[in-house]
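Input: structures, listed below.
Shared between the two complexes below is chain A, which has chain B as its partner in the first and chain C in the second.
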Partner chain A sequence: MSALIVFAFYAAVFIAEQKLPPTSMLFTVLKKGAVYALVAVSMNLLNGFTGIFSLGQAGFMLVGAYTYAILTIPVAARASVYQYFNGGMIQFTVPFVVALLLAGCAAAVFAWLIGLPVLRLKSDYLAIATLGFAEITRAIFQWNQLGPLTNGSNMLRLFPIFNDFNIKDASGTVAVYLSTMMPMLIAGLCIALLVLLINSTYGRALRAIKDNEIAAEAMGINLASHKQLAFCVSSFFTGIAGAMLAMYQTSVQAKSFTSAMTYEILLIVVIGGVGSVTGSCLSSFLFVACSEWWLRFLDEKQFINGFEVPLLRNGFRLVVFSIIIMIVVLFFRRGIMGTKELPDLFKRRRAKEATPHD
Partner chain B sequence: MTDPKNVLHLDHLTMQFGGVVAVNDLTMDINEGEIVALIGPNGAGKTTAFNAVTGIYAPTNGEISFHGTPIVRNHPCGKMRKLYAGTNADLYKDRVLRPTPDQITRLGIARTFQNIRLFSGMTVFENVLTARHLRRTSNFITAGLHLNGKEEALMRERSLALLDTVGLADVRDEMAVSLPYGRQRLLEIIRALATDPTLLLLDEPAAGMNPQETMELGQFIRQIKKDFNLTVFIIEHHMDLVMNISDRIYVIEFGRQIAEGTPAQVQNDPAVIAAYLGGDAE
Partner chain C sequence: MWKTVFPYMLSGISVGGQYALIAIGYTMVYGILRLINFAHGDVFMVAGILMVYMATALPLYITIPLVLLLTSLIGFLIERTAYRPLRSAPRMSAMISAIGVSYTLQNLVLYATGGLNQFYPKIPFISDSVRITGATTTMVTVITPFLTLLLAGILVMLINRTKLGMAMRAVSKDFETSLLMGIKIDRVISATFVIGSFLAAVGSVLYFTNYSTVIQTSGAMPGLKAFVAAVFGGIGSIPGAVIGAFLIGICENLIKGLDVILFRLGLIAKPLGLATFSDAFTFALLIVILVVKPTGLFGEEHTDKV
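Now for the complex of A and B:
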């Protein structure tokens, strides 16, 4: 049943992409939503399943985005991108898939190094330490001395983006639109891998650590190595999401990876339900849709029969958005999904159907 | 140790927190197939001794051997060198051994806790299943991609069989914390057994149980000892249970051993009577 829903969703996206104009806001939301869903699920692996409260997401996304961008800018375009650094020091490109995997690996290596000292800390202290790491990374990537590699504080651009997934025929017009489908597929595949890990014996060990560290250790679960594993796996997928964000934005600049971005992800995780993959996915699409699309009209002056609606002006959207978030947090204390997953919804319904006959 | 039947040997174990000596120069032996009890008044240092054996604390001084191999060894160092109030400080200057609790569990020492520590977010079945994790042969990639189907099936089969032995199989999908107290205790013991131990440490397993449940627990401990070839080391306050099931008893007071022997010997020991009833022990 769940598989059917997911498949139907993907089919709907594919059909919509062929029929609707490619400039529709729907596709912006789906693309950005897919990226955020992947970050949110990997953050949930840490916060919701392992009980590690990390706020380093923006930092790992930054590492992923830069790794991807640096490795995929075409050699011919490097001179114009690295115009202040004589074309930069790297003069080769790797295929798209390799760059995506390397983006994940780079983030995972960073996570491993940071995890060594930081994972000894607990709760708030860990959050502060990882937040600090993200800020330091952002500063280092803008450092002028690293310019030949990172282009300093200038933009990286001209690397392959989502629109390059569209299949064009000989005349140059698009035959099959895939610019939304591909990011959704990549994110879906990564999330599927995360779900498999969560449902494996390692996933159970991580949940045991969250529930009771002392008991988990007494049951033979090595805390240090399992926390490190969760941290690295989570960062790996965050790095991939960072690379996808670079593709979505078409350019990368370190200064845009602020801690505000981490808080957005945290908000998505909390609204969706800490400990629910389905919740994280749902809420990231809802969050992106609200912030990018459905509430946009609040930022412009609106007239109904010549009467100007009061309050509507630039910035009002954020006020309404904050109120909606507060309402959600007040009435859904454990998030939209709590700790339930998609299959659980049908399980309960089936159980309800079964009881009257008994 | 030379005795091949020896399972656990504590050698001059001292545990000092700041200026407080919680366990003082405790030496004890547990042999294969025995049920040995550690009793004493509240605050005597029983649980501290347990925690030292299971690696939660590193002892200040002394050595612990398991099946003849030293697994824990420490001597006072750093700040403790000046503060140390125990004896035999120079005996254990060899390599310091400080394993973490999970390494000790892997060797085959499993424990339960005085205050129940089940995995609260998991079902009864998952609680036991999680304890099989340490005997895995898969790594996170093969397990994460679910390529270890055979191993996973074995883990599930084994866990279910364990739950069946205590009649918890029919509630296996309930949340562990929703069980009644007595059954949570049983589940904790079953979870410990799922790690394949040869030595089982029970920290006040009958705490909070009524006399009927306590009696059943005594039979249950005997039963699992036989079925799983266990050696059992138990801390308990219910004296009828202790006297009923133990082969030998160690009594400690203020961290110091005051008596050792069979239940009958201990019951008539004047020092033990004094410790429990108050008054002078000659």
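Now for the complex of A and C:
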């Protein structure tokens, strides 16, 4: 049943992309929502299923984005991108899929190194330590001495982006629009893999660790190796999401991957329900839609019968949005879905129908 | 050599004192509620913005006490609306709420200022230039360490010699037993937030006299560094937070000047751009201390019962 819904959703997106004008805000929301959904599910794996409160997501997205960009800028364009560093150190490109996988692997390697000292800390200190590592990573990537590789504090651009996947016919006009399907397909595949992991025995071990570490250890679960596994897998997919973010933004710059980005992802996870994959996906689309699209009218001056409504000017949208988030955090603590997943919504209805009346 | 290092040490002591005033707020709240108050850095920033706006309308001898008062009020209100309802919820909910408050404060200031840099008013006397053994700096640098130590000293006396202080110590040792003993928890927690926000406001007056532009993200980095200082010194310990903050302020500024220092020493031929690592160094220090001595320099060992 839920597979049917997912398939219908993808079909709807594909059809919408062919029918609606490509500059519609709907596609911005879908693309960004897909990227954030992947990061949110990865963070949920760490936070909601394993109980590791990590705030380093922005750092791993940065690593993934840079790896993807560095490896896929066409050789001919490198001289103009790396203009201060004589064309840069890397003078080859790798195919798209390989670049994505390498982006994930680079992030996973960073995660493994960071996890060695950090994973044995208690939750609050773990959060601050991972936040610190994200900031250190950002500083390293901005360092001018590494310029031949990373372009220092300048932007990386001209790498393949989503629009490059539109299938063009002979005359150059677009025949089939695929620029929104691509991120949704990539994110969907990655999230499917994560769900498989969560429903496996590893996933159960991770849930046991979240519930009570000492009991889990007593049951024979190797805490260190399972935590490292969760950390590395989560960072692998966060790296891929970082590469997707680079494709969405069409340019990458280290200084935009601040801790504020991590806080946004955390808010998405909490609003969707910590421990629910469906919740993270839903709330990521809602979050992006609200902050980018639906509340836009609050940024412009509105007139009712010629009388200007006070307060409405640039920036009000974000204030209202923050207040909505505070309301959700204070009054709807379990989030949209709590710990339920999509199939659970159908189970409840059937059970209710089957209950006999006494 | 001393002449090269001394200006950086001076600015390090100055900014360290300002971090200390913010760090005390973090460490007190964590000691009592076990909550990392992510919004504290933004309260510090709001104090700066309030000063900017009020100084255009009122004379300084009114605005400074008014800013201190209003910031304490803001701290009290934040605790009342965002943290008190979540006191019985799991710790992560309160931390998420803190992040939410921080997000809200930043967006409110962004909305009010339009994202443009605001310029802090020049407060006479403390922004006067002063020469100390050849290095030119402002009066703030001289005043800050003394003011910080004075305020921290008063606070330590308050904690050790008054009833409220005894209540605070009891609550941070054991929350539930203190409730059973009849301590008015709400009052203690509100007092903690008011004191912390008051000190942050004092810190903001000193800090923004040196770094005179204020925008909505001005509180993020100092807040984070102050929290690192609090953890470094031992979370829950006020002297630890102060010492940790001074150490971090000095190290951060020494790193900023590392290129110049190494150059003058003849160790490097050209600048390596090491100043970008001044922020990163603070976090590296944090990670080292967390791995080597997780309870911080002056923290107490804490055994978990199964």
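Keep this in mind: the second predicted complex is superposed on the first by the 355 of 358 C-alpha atoms of A that agree within 3 Å, B and C clash if a C-alpha of one lies under 4 Å from a C-alpha of the other, contacts with A are read in each partner's own complex, and residues count from 1 in each chain.
In the analysis below, a residue touches a chain if its C-beta (ideal position, glycine included) is under 8 Å from a C-beta of that chain, and two chains touch if they have at least 3 such contacts.
Computed from a prediction, not measured in an experiment: that's the story for all the values here.
Overlay on chain A: chain B and chain C fit together in the combined arrangement. Rounded to the nearest 10, the angle at the Cα centre of chain A between chain B and chain C in the chain-A superposition is 80°. Put simply, more of the residues of chain A are touched by C, taking chain B and chain C as the two choices.
Contacts of A:Met261 after superposition: neither chain B nor chain C is touched.
Of the two partner chains placed by superposition, only chain B is touched by A:Arg204; chain C is not.
Judged by the touch definition given at the top, the superposed model places A:Val41 against neither chain B nor chain C. When the shared chain is aligned, no partner comes close enough to touch A:Leu178: not chain B, not chain C.
Touch criterion met: A:Leu229 reaches chain B, while chain C stays clear of it. When the two complexes are overlaid on their common chain A, residue A:Leu196 makes contact with chain B while staying clear of chain C. Of the two partner chains placed by superposition, only chain B is touched by A:Ile221; chain C is not. Think of it this way: put the two complexes on top of each other by chain A, and the tightest Cα contact between chain B and chain C is 9 Å. Overlaid on A, the two complexes show chain B and chain C touching the same residues of chain A, namely 214. Taken in their complex, chain A has these residues touching chain B: 193, 196-197, 199-202, 204-205, 207-208, 210-212, 214-223, 229, 233, 275, 339. Across the complex, chain C meets chain A through its residues 30, 34, 36, 82, 85-86, 89, 91-93, 95-97, 99-104, 107-108, 110-111, 114-115, 220, 224, 227-228, 231, 272-273, 276-277, 279-280, 282-284, 286-287, 290-291, 294, 306. Chain A contributes residues 53, 117-118, 121-125, 127-129, 131-133, 135-136, 138-140, 142-145, 214, 259-260, 263, 266-267, 270, 274, 313-316, 318-319, 321-323, 325-326, 329-330, 333 to its touches with chain C in the complex. Residues 54, 56, 100-103, 105-106, 110-111, 113, 117-122, 126, 129-134, 136, 138, 140, 143-146, 148, 152, 155, 191-192, 195 of chain B touch chain A in their complex.
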